[in-house]
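Below is the structure I would like to discuss, written out as structure tokens.
Going by the order they are written in, the chains are A, B, C and D; count residues from 1 in each one.
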Amino acid sequence: MTRGRLEAFSDGVIAIIITIMVLELRPPHGVALRDLLPLLPKLLSYLLSFVFLAIYWNNHHHLMHAVQRVNGRVLWANVHLLFWLSLTPFVTAWMGEHQAAPVPVAVYGAVLLLSGVAYFILTRALLAIHAEDSPLATALGRDWKGKLSVVAYAAAIPLAFVHRWIAIAIYVAVAVLWWVPDTRIERTLERERA
Amino acid sequence: MTRGRLEAFSDGVIAIIITIMVLELRPPHGVALRDLLPLLPKLLSYLLSFVFLAIYWNNHHHLMHAVQRVNGRVLWANVHLLFWLSLTPFVTAWMGEHQAAPVPVAVYGAVLLLSGVAYFILTRALLAIHAEDSPLATALGRDWKGKLSVVAYAAAIPLAFVHRWIAIAIYVAVAVLWWVPDTRIERTLERERA
Amino acid sequence: MTRGRLEAFSDGVIAIIITIMVLELRPPHGVALRDLLPLLPKLLSYLLSFVFLAIYWNNHHHLMHAVQRVNGRVLWANVHLLFWLSLTPFVTAWMGEHQAAPVPVAVYGAVLLLSGVAYFILTRALLAIHAEDSPLATALGRDWKGKLSVVAYAAAIPLAFVHRWIAIAIYVAVAVLWWVPDTRIERTLERERA
Amino acid sequence: MTRGRLEAFSDGVIAIIITIMVLELRPPHGVALRDLLPLLPKLLSYLLSFVFLAIYWNNHHHLMHAVQRVNGRVLWANVHLLFWLSLTPFVTAWMGEHQAAPVPVAVYGAVLLLSGVAYFILTRALLAIHAEDSPLATALGRDWKGKLSVVAYAAAIPLAFVHRWIAIAIYVAVAVLWWVPDTRIERTLERERA
């Protein structure tokens, strides 16, 4: 029941964050199709953040599925994660308004990095109160994807000043990393079950 | 439990989308009843989108009711649907601010079309993991309403440039199509049960 | 389960409506206490709407508690209610910005009236699929409070043009009507149980 | 079930309040890192309110966990609490925009104080319908933290006019008070269980 309410609260906050970002997309003053063009960086910025938040929701969902108990430390680690995620609309708007200038792109990466670190802290807080052979510990495994993401974000921040598209390419690559193999693993699991 | 959280997240996102649209309705500066008149296109635009989102919530609700299992592909198909639905407030505001100029009306239709396609993809992802004689497959049947809606939206987009009211009439007709017969089918079902 | 999701969606929408209204309260430019004074009409307007929406949530909660089944008609009657409630932030802002000018006060009353009518329609849709001796029918009884509220709102709209404070006094009186006796009935019920 | 819906509604409202605050953080016009500097007071103001609302969510969660029944009075005491919490974004924005001027800091404290009082009233309404040896009564105990918080806020309001940082230091101290010892108590409980 504690877990259920933690999930419900997290779902609520993530659902709101993911949705209020769209308030940044102000309709243009003109009524021609080309009036939408200047909005394209904003729209792509929104799309990227939408995917990231959806990945967090999805991972949070899978993580909590395996959780057997929570404590105060877990509740706070979760709130800490939600705090960084809640800054996403702010950095998305900044990056989108300035055709992805280097500093906003780097700051966007910093929020991704801190969200990734917060997620890592949450998994540690959960592992601390679960047995080593618990479903949670098995599901997390070595968590190479989580660790790789954090390293990639940390690398992207300085690289944004070399060229902003390098950093953005890294963000997209991490999103693809999370997106694609999940279904592959699932199919493997299904095959094993059959 | 996975299904429950998918429903809760979708409900949350749709509830927020449907509600933040009303933030576009800014109170007029005057205090006479005629000061509300210029808001009428916005209000009707809002009403149309409210009905569409309510239909999606209603259909999503009925769809998930019959679902027995979900997988990663379904989660992503669902997020994909929510992405297109989340663009509704943006196109609603654009259409409402410009007395339904052709391009905004066509772009509005494009978001409806892509939402319809995303819903179709979601139903395919669900059918792929359910038996052919499952309640889900039976409930969806040939899904002629879903297919007809997508065709109607695709037709409405070019027709918006012939005359905007043709496109809007098609949008309203599709909404009525979903709204009305549902209760008729239900009454038939009730009669059979009795 | 259908009922559960109907409740969850309604709760979500009402929670969002009740909360986004506060976005209208923009912090003043000055930093003295007297700079808050011009915000007082807005704040009182917000308080009144907050109480009304809380009453609707509370009543909806009690209503659904006694419900045994829902159908498509009920789902749509519920969406219809949510539509009128969703216009509350708009009329609250209009009334609050203009020191309760007659027309905004009357239009505010019109939204209350249409919400009240929508709630009445929802109760009829529910009664149509419940037995006459069902807990729902007993709980609703003659529903004199619901009917009296609708009559009071209908009277308040023209009276707003006689004097705006008459209309506002009626709105407050209806709020008090719903608020106070609820606990009295409850205590009676408790006494009977004991 | 009544308790469940009370929790769900409260979670929804608190999740929305905590999230819409971030809408105040408007991206700067410049694209340099120093353009973020003027936003720092707003960001810290947001962080403080985020922590406070998270504490309320956390405490509300623990409180409801021990609740066995609710009545109309409890529902209204809960709505009363949510009303004061809903004013947090407004006072957060006011304090953040004016580098923490004395009056906004004092008004911020007033909203914290009234939220604290509302929470106290909610606990009294709950205790009135629970036995003296109920888990709820045991969990609340003498509630010295709740009482101390209210006294601290009441002291901080006049002290904001002596120096604003005294008041802010008190707000931070209360937040730390709630945050830190919770895990200590939990560990004690765990040790006892073992």
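Following the convention adopted for this analysis, a residue touches a chain if its C-beta (ideal position, glycine included) is under 8 Å from a C-beta of that chain, and two chains touch if they have at least 3 such contacts.
All of these numbers come straight from a predicted model, not from anything done at the bench.
Colleague: Along the shortest chain of touching chains, how many steps lie between chain A and chain C?
Modeller: Minimum number of steps from chain A to chain C: 2.
Colleague: Superimpose the Cα trace of chain A on the Cα trace of chain D, which carries the same sequence, then give the rotation angle to the nearest 5°.
Modeller: Here the rotation carrying chain A onto chain D measures out at 90 degrees.
Colleague: Based only on mean CA positions, could you tell me how far chain B sits from chain C in angstrom?
Modeller: Taking the mean C-alpha position of each chain, the two centres sit 27 Å apart.
Colleague: Go ahead and note the Å separation of the Cα centroids belonging to chain B and chain D.
Modeller: Between these chains, centre-to-centre, one finds 38 Å.
Colleague: When you check chain B against every other chain, which residues touch at least two of them?
Modeller: Residue numbers touching two or more other chains: 8, 12, 16, 20, 23.
Colleague: Chain contact topology under the given definition, line, ring, star, complete or other?
Modeller: ring
Colleague: Spell out the part of chain C that touches chain B in their complex, as residue ranges.
Modeller: Those in contact with chain B are residues 1-2, 5, 8-9, 12-13, 16-17, 20, 23, 71-73, 75-76, 79, 82-83, 86-87, 89-91, 93-94, 97-98, 101-104, 107.
Colleague: Show which residues of chain D lie in contact with chain A when the two form their complex.
Modeller: Residues 7-8, 11-12, 14-16, 18-20, 22-23, 25-28, 31-33, 35-36, 47, 50, 54, 57-58, 61, 65, 179, 182-183, 186 of chain D touch chain A in their complex.
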